[in-house]
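Letters A, B, C, D and E mark the chains as written, and numbering starts fresh at 1 in each.
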């Protein structure tokens, strides 16, 4: 089945490698700050390489879990170390593997005290391990562990290397997410115990086992789903639970924002798919109207809020709310196109928004302000920088030929089959996206630069080296998404088949009219 | 040649990449020539494709070239594929042809601009997108080009982005277009839901074979029209086009006159079977929107003083004409007028560019005049364009306009009337412009000191690189009519209706058949009427602006474009902005306030309960005692005695 | 004459299972030896008192571990005429108490020698208190339980007041004493009423009497009132709201090492006793006492965490957080109450046991760090004293962070396992409401730990680098606690396996 | 007869108890305590608990109360406490409620259970039977508890030593 | 004249207990607070003895024996603490010891 050598636990390595790196850094003497970045770089690059190797070894035809590694961990509670990857998680893994080296090597934390490098890189690597684990876990307990553990490094990164309001933002982020997890934790346990008496027969936290065998009463399933849903809704975030996001994004250091937008928000959307739709198909399908509505609200609301922001970083943060609205919309449309689009959009958003935060970070480094009012005419001062920003922005707007469009189009066209009127409203989001981004661009880049911005430094070679991979992926995925889609699709099909089997739902298929072209 | 059809977009793409990489090294003028060459190459390929098709039997003139599978997800299979058929090739021909000429002109026009190479970078990108748009085998590829040209127009309008007006205009163009794209996207979704595909073949096939429900067809057609309205600057979304004149003049000529703005017309023609399958009111709506836009814009053009603004509104008006044609089922006429319009409007834009160039970036016609002597070539070519658009026999505009009016009459006399009035106005304001610019007395001398930079100010003729395109276009604008000559009983059989025969396989489904109507028989008379109108307009203008027989009537309201733009902006800046601000406030105060409030609440509660912890041991004992009593009460009363 | 007496009544002295009693004997004899020798010899050099105490408790704990297997082989039994229970429940508590005592002893040495009043008495008190705690956990007779309770309490009263430099210490001592006496009076009255209802103070006999005669619709009102008063007495010791009032003041006022002892040994023993009284002795009234425990748990969770976040003194914060931890443990007891006395029971009892051990280690570790920081800031335990600790002593800050994260219940720390176990037990009994309340309370409490971490990591330090010297013994204790915390967090299987067995206690 | 004793003894107990909590002067309060203790001792006697009655008088009334008085004198805290002022207005009502509540509820429980308290054969209390029975029980069933009290006393001793031993500073001055 | 039943004694004990509890809440002198605790303990003793007499079961009296020991120990320790405090700050009442609060 999978091309991977059975004896090499690639997935476990993906988790342990960064963790090991963090451990090494902790053990290193803090008098050798130069070593820290070296170690962090090496481990993250190796992890990235492994993830890319995984991409290559992954078998596109197989819609099941691949490279599965399963070992008992806490037998007393039926908990096991169960990792696996399928089309849905594959690219999130790769994204994580690629994003972290860039964030670690490409972004300078600006520690006035070199000793600070040590915790900084240690936390980043720990974060990577946690994120990897969350995407790979196929065990409820394991997933929860990773889902929670990522909070800690993120908390310290925001709190330690963030901007003026960092502590407040970090705390808000930590507590807000924990509240959500509180419900999920109870829900997880309830799921396990109820599953025991409803088809599974014994205590186990194994996701697949429960999802395949358990059959909950409708009302029960809905309550359990609710528990999970709250946690993910906070993480995504879905309106009205989104207010931690702007603060966290704005206050986080550049690397933090990049990672936060790039992969951590995806924990929510990924969770909704893997632990919402897959685990509780009935409940998910039953509650879809609510989700679709909230998603649409998020799209419009996020866009409008973004338009009025005065802080560039905050603006990008709110744009995330809108983009993730699209992802949620697709997730609860229950069509292959929509869900495939959602999964793809998770990656796209990670790339584009990640890159946007990167660029905003560069602006801050140069001008020490994020206020749009303080910036102007940068395009004249630094045309190449502006061009880079422009490309990323267009992908975020969803201009065809760039990655953002493909995902958005798939989501909308797929959702149109099951939720037409939601799409009619949601599509207006593309107008607003153009509005707020172009307006911001005009204010920041166009016009005649004033004294402060006249000597805005041009894109440096190192920065370009970090930016290029992003732009490369943006263009390539936009022009030739097939390799990605063909790997995602089988798993999505399997998921929908699962839903169809567990509920009465039948995926609508547009009747294929075959007209031989051209008369 | 058809199997290498992809070369048509490929060349501009190559040009784009080359300039992107080496643009700065190449510098001026090499970059320009590189770009022009690339477009020329595409033109050559198009010509080759044209002859390939020509060599085929009329009904086999249909070739699909699939490059790769673009967006394949289960039932949705979208290919990156090109469709070579009479329509797309015709479009390619004049897009690349006119495009090439404008490239040449631009080399001269952009002389000395610090961002010379970047300009041609954008131009090539534009041609790439435009060819994708017309060659696309399915709606999505077309949409790719559709958005591409939109983006390029954004780049080019705000090319001189240090000017705020330019930046704003670019943004306005993009956003307004997006409103149209919303309709386009919904049309695609609906099409996919209906027939499981977005390829023209399938959609139109379904429409023709009647598989498609009429309601669906209507919805798709109208949603596409929404897209067209955005792209082709029809009411109510035309707003961006006049502002788009902020861009360099070649851009106005290429994008905002000849090619991009006609994309809407192209799209409707491409989807004509859908329109045919739709309910009758669909085409009627289109016709009316077109007619009203035509008249509306013409009235505004009458009172404009900016040499380019006049042309801009005239463009809007002419586009209205085309949609009038589409709505009347006169697809041939629409395309015909699109082509001729491309010729003479491009010609006049370039001419105006040449004038502006010669006047040192002066655009106000009131500061011009008497340029005929100083800029003979420009002037004479411009006059050709004038006569063409005015619809004077035998210039190209005469033929195409006649076609449209003919069908309009069949559709509805009222539409015909509107068309005529528009024709009069067109002739009038164009004459007015020609007089103000090239005749009368030279008002620019009084403004010499403004240009005191190089001492004694004197407008000068443009360099040959700019004049050649003018001449060529002038030729086309004069003779363009031959591609679609009516009979009038005198025109030899072999010369008639070339374009119609050529497009026939594409538009047969939608084309209205009027040969049996009375209007058709009186074609000649209609032509006379039209010419009469043209001369009436010209005459009036001469009387007022040259002979000063009467005071010019240029009401403020027209100069302000019926206050429409102002109203919309006022709304956006006022209530619209307030509403947005309200949402932002709501988010900050209510939603986030609730979150932070919860935190405050918890801490506050803590602060209150804290007061119980007085530190006095007897109070503590009291609290314990209360606890004891309550516990006892539960056990003794709750579970025991009672 | 005397012979006549001997003739007419045959009196057989009870058989004493010395081996099974060995842990208690070890602790007590250790204390006596220390008192006697300490009184005769001049002050011992260095940290000898501390290490001696640590050794003693280690021996006691070791003995308990050795007996573990005997129990799992022969099953549970009772000792000396049913005075004590000899089961894994008791042994596990013994081990917990000994482990905590060991750690406390290590931090006590440095504390006392700095103050210059190092001496045998305090250690002897620790040991005897530990013995009392062990008895509480093992008691199979309410009177014995009461005596154990008093032994522990009296020692704690004295220890709390033992730092005579600080008036706060004495104030806490007197407060603790007055309220403690008050509470134990209620406890005693409870025993009397139970005795009135069952004619016995022996747990086995009490249970038996219920098994034979079940009085319905409140005719056993004496027993009911008795249970109420017993809950009061024990609730006071475990610091459950509203009987927690003493906790913040005493925890703050008492010397830090004593506070650590209270929070670990005191809580563990009291909860052990509570399990004995409620789960072991009163299974037939579980539906009567479970709601009461439910309410106590709720109040403790909410009040504990909400009051904790408004404090400014770290010791006081930890005091309130210990209240909310008590709430968590009560959740576990509530869960155990659903199926108390059944042949097959859920995870309630084991989860409580796990929680007690893990929390004891955690809290001692936390207070150890606090003691070091306070010592080097003139006894100041306010949050300000902690600001910038990471810059001064990264290792110390790291240790503290581990403990705080664990208390917050962050995964891969023992605290997570503890919380998970308790909540899991509650959910297993489908008491969802209290579970969710508990988790939300945990979030509120998390804010507290974040506050401390913020000032430790993110705030500037006004002290020079390296202010906090880390003496060997204390450092050892902190390191051991931290390692244990992380180790259990990653690999809890063995511990859970052990606690699973406590459900077959001596009946 | 029994009843009269009960009533009288009860009066002693209650008057003593009340005087403990109302007497301004601690010494008087202590004497009130003595009265109560004696009353309780009388009850013990009428309940055939002769040994405990004796211990009650010797240990309690004797040792403990003397200890109290001793400390009172030693520390000179015998100045009377002004009970007219109460810094916490709520405290006394609260005290009444708590006290009354406890009494009421306990009495309710006791009364409710009066018929269900099982009746056993009374212990023969002739001669030294009571003390013998007590001894057997003490050294038999409760031998462990008995030993435990020794530990308790050790704690008390060690504790008091620790508490009252002068610390170096105090020695110094 | 009726014999006083066990219930009488228990009620008396309950009242005594209540008085003790009340006293602890109202008195400020720590020594008197201890006395109140003693009252409560005596109430317990009375209950024990009454019940032991009713049951003809000596356990109750044994319990009282232990209670007395505990009471003695408690008083000793308590007085020790009080002495060490009052030596430092003479005439302190319970209300004066309220530094620790909140």
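General observations
Here is the rule we go by: a residue touches a chain if its C-beta (ideal position, glycine included) is under 8 Å from a C-beta of that chain, and two chains touch if they have at least 3 such contacts.
All of these numbers come straight from a predicted model, not from anything done at the bench.
Chains that count as touching both chain C and chain E, per the definition above, are B, D. Common neighbours of chain A and chain B under the contact definition above: C. Of all chains, the one whose mean C-alpha position sits at the greatest distance from that of chain B is D. By number of C-beta pairs in contact, D-E leads over the other of D-E and A-C.
Of all the chains, the one whose CA centre sits at the greatest distance from that of chain A is D.
The mean-CA centres of chain C and chain D are about 29 angstrom from one another, to the nearest whole unit. In this assembly, the C-alpha centroid of chain B lies 102 Å from the C-alpha centroid of chain D.
Mean C-alpha positions place chain A and chain E at a centre distance of 66 Å. Separation between the centroids of chain B and chain C, computed from CA atoms only, is 79 Å. Touching of two or more other chains is recorded for residues 610, 613-619, 621-622, 625-626, 628, 632, 636, 640-641 of chain B.
Among the residues of chain A, those in touch with two or more other chains are 175. Contacts with at least two other chains are made by residues 91, 94-95, 98-99, 102, 105-106, 108-110, 112, 117-118, 120, 136, 141-142, 145, 149, 152, 155-156, 159-160, 163 of chain D.
Every pair of chains meeting the touch criterion is listed here: A-B, A-C, B-C, B-D, B-E, C-D, C-E, D-E. For chain B in complex with chain C, the touching residues are 602-603, 605-607, 609-610, 613, 615, 617, 619-621, 623-624, 626-628, 631-632, 634-636, 639-642. In the complex of the two chains, the chain C residues touching chain D come out as 9, 11-14, 16, 28, 31-32, 35, 79-84, 116-117, 119, 121-122, 124-125, 128-129, 131-132, 135, 141, 143-144, 147-148, 150-151, 154-155, 157-158, 161-162, 164-165, 189, 193, 196-197, 199, 202, 215, 218-222, 224-225. Taken in their complex, chain E has these residues touching chain C: 10, 17, 20-21, 24, 30, 33-34, 37, 40-41, 43-44, 47-48, 51, 55, 57, 59-60, 62-63, 66-67, 70, 73-74, 77-78, 80-82, 84-85, 88-89, 94, 97-102. Considering their complex, residues 88, 90-91, 94-95, 97-99, 101-102, 105-106, 108-109, 112 of chain D touch chain B. Residues 21, 24-26, 28, 94-95, 97-102 of chain E are the ones touching chain B in the complex.
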